[in-house]
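Letters A, B and C mark the chains as written, and numbering starts fresh at 1 in each.
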């Protein structure tokens, strides 16, 4: 008896997951406990395990597809079993796809499982071009595909399939009555890998009213996030969206394709958390210019004896951890009725990753020697870049440091990383002329800006913290003294 | 303004028309000596005598047909059915004859008859006494179907129905007969057939309902208003001719619509109104039109099952929440 | 314990000489000289004067009978030529009923009948032209081409039309009578229907109400022996006219193949109704020569049976009577027939040449008052 495997809940806040990778192909035998896929949740990339043995009959969600919790991702059963019934009624398996036909170049294989497995489930294997038959509006993505060669189709396929999957998963009828694999000048693709390039359902869902409003206001629906069922863009979404700036009147500019990129889970989380923070926490900012001359020389000396390379950032983490112990208000969280003064100092460090930002946490940073801080930071940053951070490695911070010094940013303000009370934005160490003993001499300065939540931290308190921090960095030995190491 | 019960308002309208026009008479089961099964015809016998207030045998097909023939031959019959559930026995007369005779004879005759009586459910009366027939009759060309919800509307519309040159089905409700309301005491108070009334103004959602359902929606509207959702309640009052213009004007304003219909879902008023909205106001819709109807199941007797079966304010609230993308 | 019957047969079967409801031939073990679906009562012995008919009236009657016959024969021909479609139920053989009745009634007495209605129309205000054009579906038809064969009518001449639902118009006949009584206009209503309609509940409800309310209506069963293809004895029990007893209603049984009988007895009945405002239930036994409709293979009866009734054909009989009694010369008869033959041919020309209804007519004649067509916009472009 075939069974559906649905998108599992892999984190407490997960609402949907994106299939990052399938470890199995249709036809493969799986045993209970096999890891069949990797899924990107709002927090991390997690493994999906098979709980029953069987043969992979149908991979419903393709790599890159976002599937809501409970949505079918794969069907496993006995070889040759008919699963039309299982998928056919599928409000959750994809829209009705009508017929799929394939024609043209070699290697074009058409996999039609049956009516009802349309939308994201209609496979046209091979790098064929795809058109949505009978569609009233051509989706720009499909339009691109139509004009593009097979090679392009393979690169754009992800976007198309992702959009298609959104429809498919939600059970909408695909736009296209028939998905046709034509062309054939494309790359002979591995069956399944590029399978969804010609997805029939790549369309933006919007209420008719929202569509006409968007038309009037010149809003590209693809840029609007829908708040209705299955992401339907409704009137309220258009009202809160801003119209695109009127195009300047210039002589026929070069046309370049606009590309709409699906918002990743990470980006959604970033967007949500930081918007909430910025709009609900009353931020205020204080900047100090720190003389880094001693820090620079101390670091050079340390690196001569240390087996791990100590960075300025490590020193800043250390200094912050030390200062936070002295200024517990800055190491706290606003809980509405109470303010939680954290006993521990766990410092999150913002790490830029290719498609976003992660904040791994260095726990008990105040109790760790510089060498260990350095080692841990490096490890965590590496995991973050590989998207292999485990949820617990990103949770529980009490303070955050964002350092853009390596990019030459002189100073900036950061948005508080909830539920922290403050974040430190660290600028570059600049070579500046300073006046010392009446003489203009070369000096090293670094500006740091503390963003504080005014509900907890008042201006003077923030200033006191910054003063301590500056003192520690200007006299690095104090850090070692206070630690007693 | 006078405060009248729903039944008194209908009676007042019939009485006025009988006084005005000798050709008007009323017949049906228990309308005369019994004074009406639901007392709608109370006192008419005394006033107009046995010629014009006529008790019939329990022969719906027979007396409905006599009404049709009498209407063709110059009279203005009011045929009372004890309930429209019994009128099914007379459906041949209403559907095959009253609605068609004029057309199939090339306009040689007319059939100004009023069939009236309570429609739809009246509580725990079981499967055969609980059906709403308004949309069924509205299906047929040539029939006017009126289903008022309040005494004032009932009075103004029964007078229009009696004066109509064509067959009219005038639907009432056992459960509304005792309902009181202000009724215009304007002389010869007439409400034109085919005009909807906006029973409540609101900007957030259009809710269309007739008959008893109007009162269910009113309850729901009070609840919804507490949460800041303002319902615009449209009572078409006549199912046919259906005043789509008023409905569409409202939907174009609110962008959302729920149709509440005390009938089964298939092919009912809700389906028709929903279809027309999608076609005529497609670009104004911010959500698919929702409907609240009976399930596709016969009326149960048991109170518990009955309550489950019957559309209530909670379902209306839920449907409104769905079209306004709330909760 | 119930008796066990070896062969369970619900409807009486086969072609059998019979009186209604009573098998008299093979089934009863007796040999009958002829298989007949209806037994005719003896015709009146009265001559035309005794029956109260003038010579002029006889001429008119002959003209009417001949017209009905000729009209329908041509109609059948046109139908078979494909000039029009739909149903075509022929009245041929039954013309004495319509002809005798209209002469028995006042011109403002009301007539309503079922779908075998051409004869009734032709004797009550529908001209051959209007009738033929109606069959052809032309705008010039009596019902503007909207009714066709089944819905001939001339309401201004108190012919309320033919109706297509078996038994459906019976209560309407009662209603027309009701209105006449209500308005005290002295008119008598005659409501005709076939023997098949006797089995409909509508008849029983109406008879009960009409007797109860004393409505001035004559309910007439034109028993032509067959309810479509089912012989009377196979579809209904006992003698049809005896139904009246159940309602305490006056009743009669009339030989419908005999014009004078129909005239004389219907006149007496109409007079009684006019005087007493009491309804009657009358069975007129007659015979239909043609099938139920044009698609009827007539397997349910024998050619011999048909021939037996044709021997007493009301048209032939009247012609014979006129010639025999020197009420018309042979030439006059021939001239009259030729005139009517031409009239019917002209009617065909008229129908052929008449326009079909304009498209606008689709939406006309629905309402006497303000017209309303739901979603009409969907049908206009």
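Convention: a residue touches a chain if its C-beta (ideal position, glycine included) is under 8 Å from a C-beta of that chain, and two chains touch if they have at least 3 such contacts.
Remember, predicted model here, so these are calculated numbers, not experimental data.
Under the stated contact rule, the graph of chain-to-chain touches is a line, running from one end chain to the other without closing.
In terms of C-beta pairs in contact, the better-connected of the chain pairs B-C and A-B is B-C. Remark: chain A and chain C have CA centroids separated by 87 Å (rounded to whole angstrom). Centre-to-centre spacing of chain B and chain C amounts to 40 Å, using the average Cα coordinate of each chain. Between the CA-based centres of chain A and chain B the separation comes to 57 Å, rounded to the whole angstrom. Multi-chain contact residues of chain B, defined as those touching 2 or more other chains: none present. Note for the complex: chain C touches chain B at residues 110, 112, 141-147, 151, 153-156, 160-161, 163-165, 168-180, 182-183, 201-202, 205-206, 208-209, 212-213, 364-369, 372-375.
For chain A in complex with chain B, the touching residues are 207-212, 227-229, 234-236.
Listing the residues of chain B that touch chain A in their complex gives 255, 282-287, 325. Residues 25, 51, 54, 56-57, 59, 61-75, 77, 92-93, 96-97, 101-112, 138, 141-142, 144, 164-166, 194, 240-242, 276 of chain B are the ones touching chain C in the complex.
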